[in-house]
Amino acid sequence: MSATAPVLTNLVSRGGQPNLVRIFAKEAKYEFLKSIRLPVFAVSTILLPIMFYVLFGLLLNNKSGDFPITTFLIATYGTFGVMGAALFGFGVGMTVERGQGWLELKRASPMPPYAYFAAKVSTSMIFGAIISLSLLLIGIVFGGVHLAAWQMVKMVSVLVFGCVPFCALGLAIGYFAKPNSAPAMVNLIYLPLSFCSGLWVPVQFLPKTLQHFATYLPPYHLSQLALNVVGIGQGGSQWWHVRALIGATLLFLGIARIGYSRDQGKLYG
Amino acid sequence: MTAHSTAQLESKPADKKPGIPAKGRRNSHWAGYWHLLGARLKELRREPEVVFWIFAFPILLALGLGIAFRNKPADVSRVAVVAGTDAENTAGLLTNGFHAEVLPRAAALQAFRLGKVDLVVIPRSDGSLEYEYDPSRPESVLAKASVNDAIQAGSGRKDVVPTSAHISSEPGARYIDFLIPGLLGMNLMGSGMWGIGFALVEMRQRKLLKRFLATPMRRSDFLMAIGSSRLVLMIVELVLLLGFGALVFKLPVRGALLTILLVSTVGALTFAGLGLLSASRASKIETANGIINVVMLPMWVFSGCFFSYERFPAIMQPFIKALPLTALNDALRSTILEGGSLRAQGSRLLIMCLWGGVSFILALKWFRWA
Amino acid sequence: MTVTIQQPIRRPLRHSDSIIAELRGATKRYGTTCALNKVDFVVRRGEIVSLLGPNGAGKTTAVRLLLGLTPPTEGMVNVFGGDPRNPVNRLQTGAMLQVGRVPETLKVREHIDLFSSYYANPMPLAEVIEAAGLKGLENKPFGELSGGQRQRALFALAICGDPDLLFLDEPTVGLDVEARRLLWDEIRKLVARGKTVLLTTHYLQEADALANRIVVINRGEIVAQGSPADIKAQTAGRKIRCVSRVPVEEVRALEGVMEVKQDRDALEIHVSQAEPVLRELLARDMTVRDLEVTSAGLEEAFLALTQNNNGNSVESR
Amino acid sequence: MSVAVRCRNLKKTYDGKVEAVAGLDLEIQVGECFGLLGPNGAGKTTTIEILEGLLLPTSGEVEIFEKKWSTHAQELRELIGISLQETRLGEKLSVRETINLFASFYQNPRQPQEVMEDMALTEKADAWVGKLSGGQKQRLAVATALVGNPKLLFLDEPTTGLDPQSRRQLWDIIRTFQQRGGTVLLTTHYMDEAEKLCDRLSIVDHGKIIASGTPGELIERTCGAQMIEFATSNGDATISREEWRKLPGVEAVHQDDGLTVLNAREPHATIPALLAAVEERGLRLDHLTTRQASLEDVFVQLTGRHLREE
């Protein structure tokens, strides 16, 4: 700012700073409430993976061989659910709020911008936790899943923190999609990605080439990380999966960044 | 487009009849229908997302998967031989067309459980071999048979009937041939459900339906225009995907074009009906989105777009076969790949018509304009 | 009969010289369109400044600059001595913007609670509810509010942090007469407590009723600013309204007549000076009735200042 | 003169509970511009939608040009043009295409070109609706109402959110339509607009008409001719509303933003008395204005100053 400006810093007198922790907490709390009260969101993100698990893991499990299918599916449907929560929360939720001017109003308030994103990420994490814990519970009670306590903790943490790359992907979609086309766009990315990464049908049952293709997809790596916790992954090294996920996150953030600048240049009424 | 030019024709001053003010024009009976159809098609054409997801995306998907699966080498069966007395010997017989490794017993069984190997060969101390395989996995069954052949032949078995084999990669039997009709079916479902369900709910949310209702527009014209716009789009989808498949992947189109067109039309109308039903009451696009997902997702998974639904357990088969997308996919594969006749598709067409008809009737009953 | 002893009272400015927000030589271009061109503009403590202009004149851009939502292409933006793009410098501002859709599942009280948390010293919830006229609606989800209620809820979000500077973008659109007047009262109360308000509106009566100072923007430039009386004075002339038998053409030909409009059975005559025209009119038609002479209102002034903006005004006769 | 709109004892109850319209009578003559005013939630939009044939009344009779919706719906739709609150037309169609589309629904529409000229939309004929400004969109909404060559126009808050230029253009359009013999039913929250445009109007509150007449009549009847606004200071001793009410010629008193407002039929009698009263109490008069009462004053007086919750 130019030094000649009549700077009135003394006007900033009342009170100090708002409590950052409180802002984050409230933002997260209301973001969560907002999502959970939207039946469509809650149903499609929480119930869908659970429904799939019950269907494929419990009811239609023909118990062939001694492949630990019920344990396996906790990891893959967990990944599926976490991914859905993140993609819909960011990709659809943010697009709608952005397109209609709500995000603009928030940006005009003194809200620290990161609070908004942090709240959305933590909401995705909470949904991830709810999904993976429900799957575990159902698996243990009805599916004969036996896991050590540390394995459960580790698997849930992997899934909960694994939402980050998908939040980044959702963010990228959020800056490019229009409010009305966002749901369609998210679905068309979400569903093929889940399928090709072996979240519905175990990846080793997919055609060979698709198995190879899967290694380029982030959901594959997250599901493998979760599977490795119980020792039934495909055997790639932990680091390889983690690096792949970090790489994907950075790539999506880069795309989001381009979308953000593009968005800034647009004329508003 | 045809509708476009008709619409323009309509807007020319019509012949003057007595009693009609010279300024005004007189609209023909079908003017409303043609204009609605023209408007709908223009809106679709001007929506880049629609163009991408309906036309470009399936082609990209076909291209990606098609290239990925083209010219794939004959499957190499992965076999684990449990370490033991005869292990090295046995593995030595499995060099041609197999990937065999010698593993300790526990590791071998673990690898088998995880699907890393298709078959475990356990040499017994008495010189015989034990195969550990999973009858529910086709590649496992295949591995057992071919490993057995290789070992028997390697150990000096003489075949009573001399045979020779050659690998078939003829058009018509490859994955891409299976895939393209599946993509077409999936696309017809997706664009029907989204293109109609979503569009109607959006119009309702914008209060545009209410605005139309306050004009002398006939409701049947409106619904017919929406339906016909689907058919126009369907023809474009059909020509694009089949043309693409035929040109790039030499997809054999063995059935009569008219039969294929008829099957697609029934499919498109079925999903138009389901789309209309999904949109009959929802007033917010979020709700419509949820409903459409709930309807589409099971079919996405079960109806055999990407892989055969035969892989699902037998108890599920009746349920899967009753789904409209299964019927559409089967009918499309049968007509396109096998040249099946329209009559042969009777039961499948019946399933689709039932779904479409029932949902259309329910939709008309429940539909809310305002 | 019109007796006027004094201009309507307006609160005296307290710190008349303390500028709390300003644009200096601010230019904003979006691609090739220039939305604002070298605009200088200040808001002083305790003022209600009204930003007027036709659609697309650059009002929204000016507000977006001051809110830090977008950087200027050239020039400087200063709010409370800092760049508003830094959220810390917005701790004392509140904004009410045009929002197409709001997160519908959160309740009114929850939205207010959330926005209050952004500020260091927010107002108590009960006070916010009271001030925005939302009593009884605290537990309603946003999605179930009517248009007017939603507008009031957005106002609540703007004031809940007890900010010193308030941006109100068309705050009374869609409000009925009562709700509008209630909101005006609240705005006046805020200013009485030393707050500053920047208001944009299309409803000129609102600017006239509230503002100390009016800034008229047209095509990205400031074309006039001053008190409402100053602005009105910029368009010379008065308006005569009467029912008369004199034909419109004849009236139009009278000396000093600028424009004549037939408004149903009455004539609306814009003149530079009222007396000579009146005398002439009465001489030609003794039956003139429902006679009314007024000075040009803010609306006339505004229209004159921003003339030819749309370029396709419709002739009435 | 014949009757364009007539309704008797109109009632509409939602979900058997909320009574949006509670026995409403209207009669609009052909050629009139009729205003329906009232606070938000008073039942205006419900009434209009019933008259437009979009909603069924719970009870009561509606006749448009002496025909009923139940028997002559198609015919009546040819005769009316409407602009709803907040309709968002398809954004990817051009202005011309949108008007053409609406024209195609009617048997004898007007020439779209001519309507566009009337609405000053010719320049924007090929622009997509999504790219129009608020005023242009609103004019397009009215254009779609006019293109069917209607005899009766329903406009529900047509000028909300418009800038003054666009507002005036719309007023001119409405007047032109009226001059050609059309009938208009209008709702608005802007009282200056109602005063300017409407030949007659009704004020609705709680689903009932609480006053009707020409703007002049209503002002005269409710507020008297003049409003005297004043403010006093130095007042330990304040004067209560009741005492002001006792001044000669005062019909009503209310307070607004520190100002006291008197409705007076004879200001020449009231003002001297007012000055005397102020002097007597040792108050100082800070401000005094007299002005003609406006429709807004009428409205405030009749509908009170409380907010209602829908």
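We call the chains A, B, C and D, going by the order they appear; numbering starts again at 1 in every chain.
The working rule: a residue touches a chain if its C-beta (ideal position, glycine included) is under 8 Å from a C-beta of that chain, and two chains touch if they have at least 3 such contacts.
Because the structure is predicted, anything quoted here is derived from the model rather than measured.
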Please indicate the chain closest to the centre of the assembly, with centres calculated from CA atoms only.
-> A
Return the chain pair with more inter-chain C-beta contacts, choosing between A-C and B-D.
-> A-C
Per the C-alpha means, the centres of chain A and chain C lie apart by a whole-Å value of 44
Provide the C-alpha centroid distance between chain B and chain D, rounded to the nearest whole angstrom.
-> 56
Chain centres from averaged Cα atoms put chain A and chain D apart, in whole Å, by 51
Gap in Å, rounded to a whole number, between the CA centres of chain B and chain A | 28
For chain D, residue numbers touching 2 or more other chains are 133-134
Listing for chain C: what residues touch at least two other chains?
-> 55-56
Give me the residues of chain B that touch two or more other chains.
-> 47
Could you draw the chains as nodes, link the ones that touch, and say if you get a line, ring, star, complete or other?
-> ring
Determine which chains touch and list them pairwise.
-> A-B, A-C, B-D, C-D
Note: in the complex, chain C contacts chain D through residues 1-6, 8-9, 53-56, 133, 136-137, 146-149, 170, 173-182, 184-185, 188, 202-205, 263-264, 292, 299, 302-303, 306, 309-316
Which residues of chain B touch chain D in their complex?
-> 7, 10-11, 13, 20-21, 23-27, 31-32, 34-36, 38-39, 42-43, 46-47, 203, 206-208, 210-217, 370
Chain A to chain C touching residues, read off their complex = 1-2, 5-9, 11-12, 14-19, 22-23, 26-27, 30, 33-34, 37-38, 96-97, 99-102, 104-105, 107-113, 264-269
Interface with chain A, chain C side, in the complex: residues 18-20, 22, 24, 30-31, 33, 35, 45, 55-56, 60-61, 64, 67-70, 76, 78, 80-83, 87-88, 90-95, 97-103, 105-106, 110-111, 113-115, 117-121, 141, 154, 157, 161, 164, 167
Given the complex with chain B, which residues does chain D contribute to the contact?
-> 52-55, 74, 77-78, 80, 82, 84, 86-90, 92-93, 97-98, 100-112, 114, 128, 144, 148-149
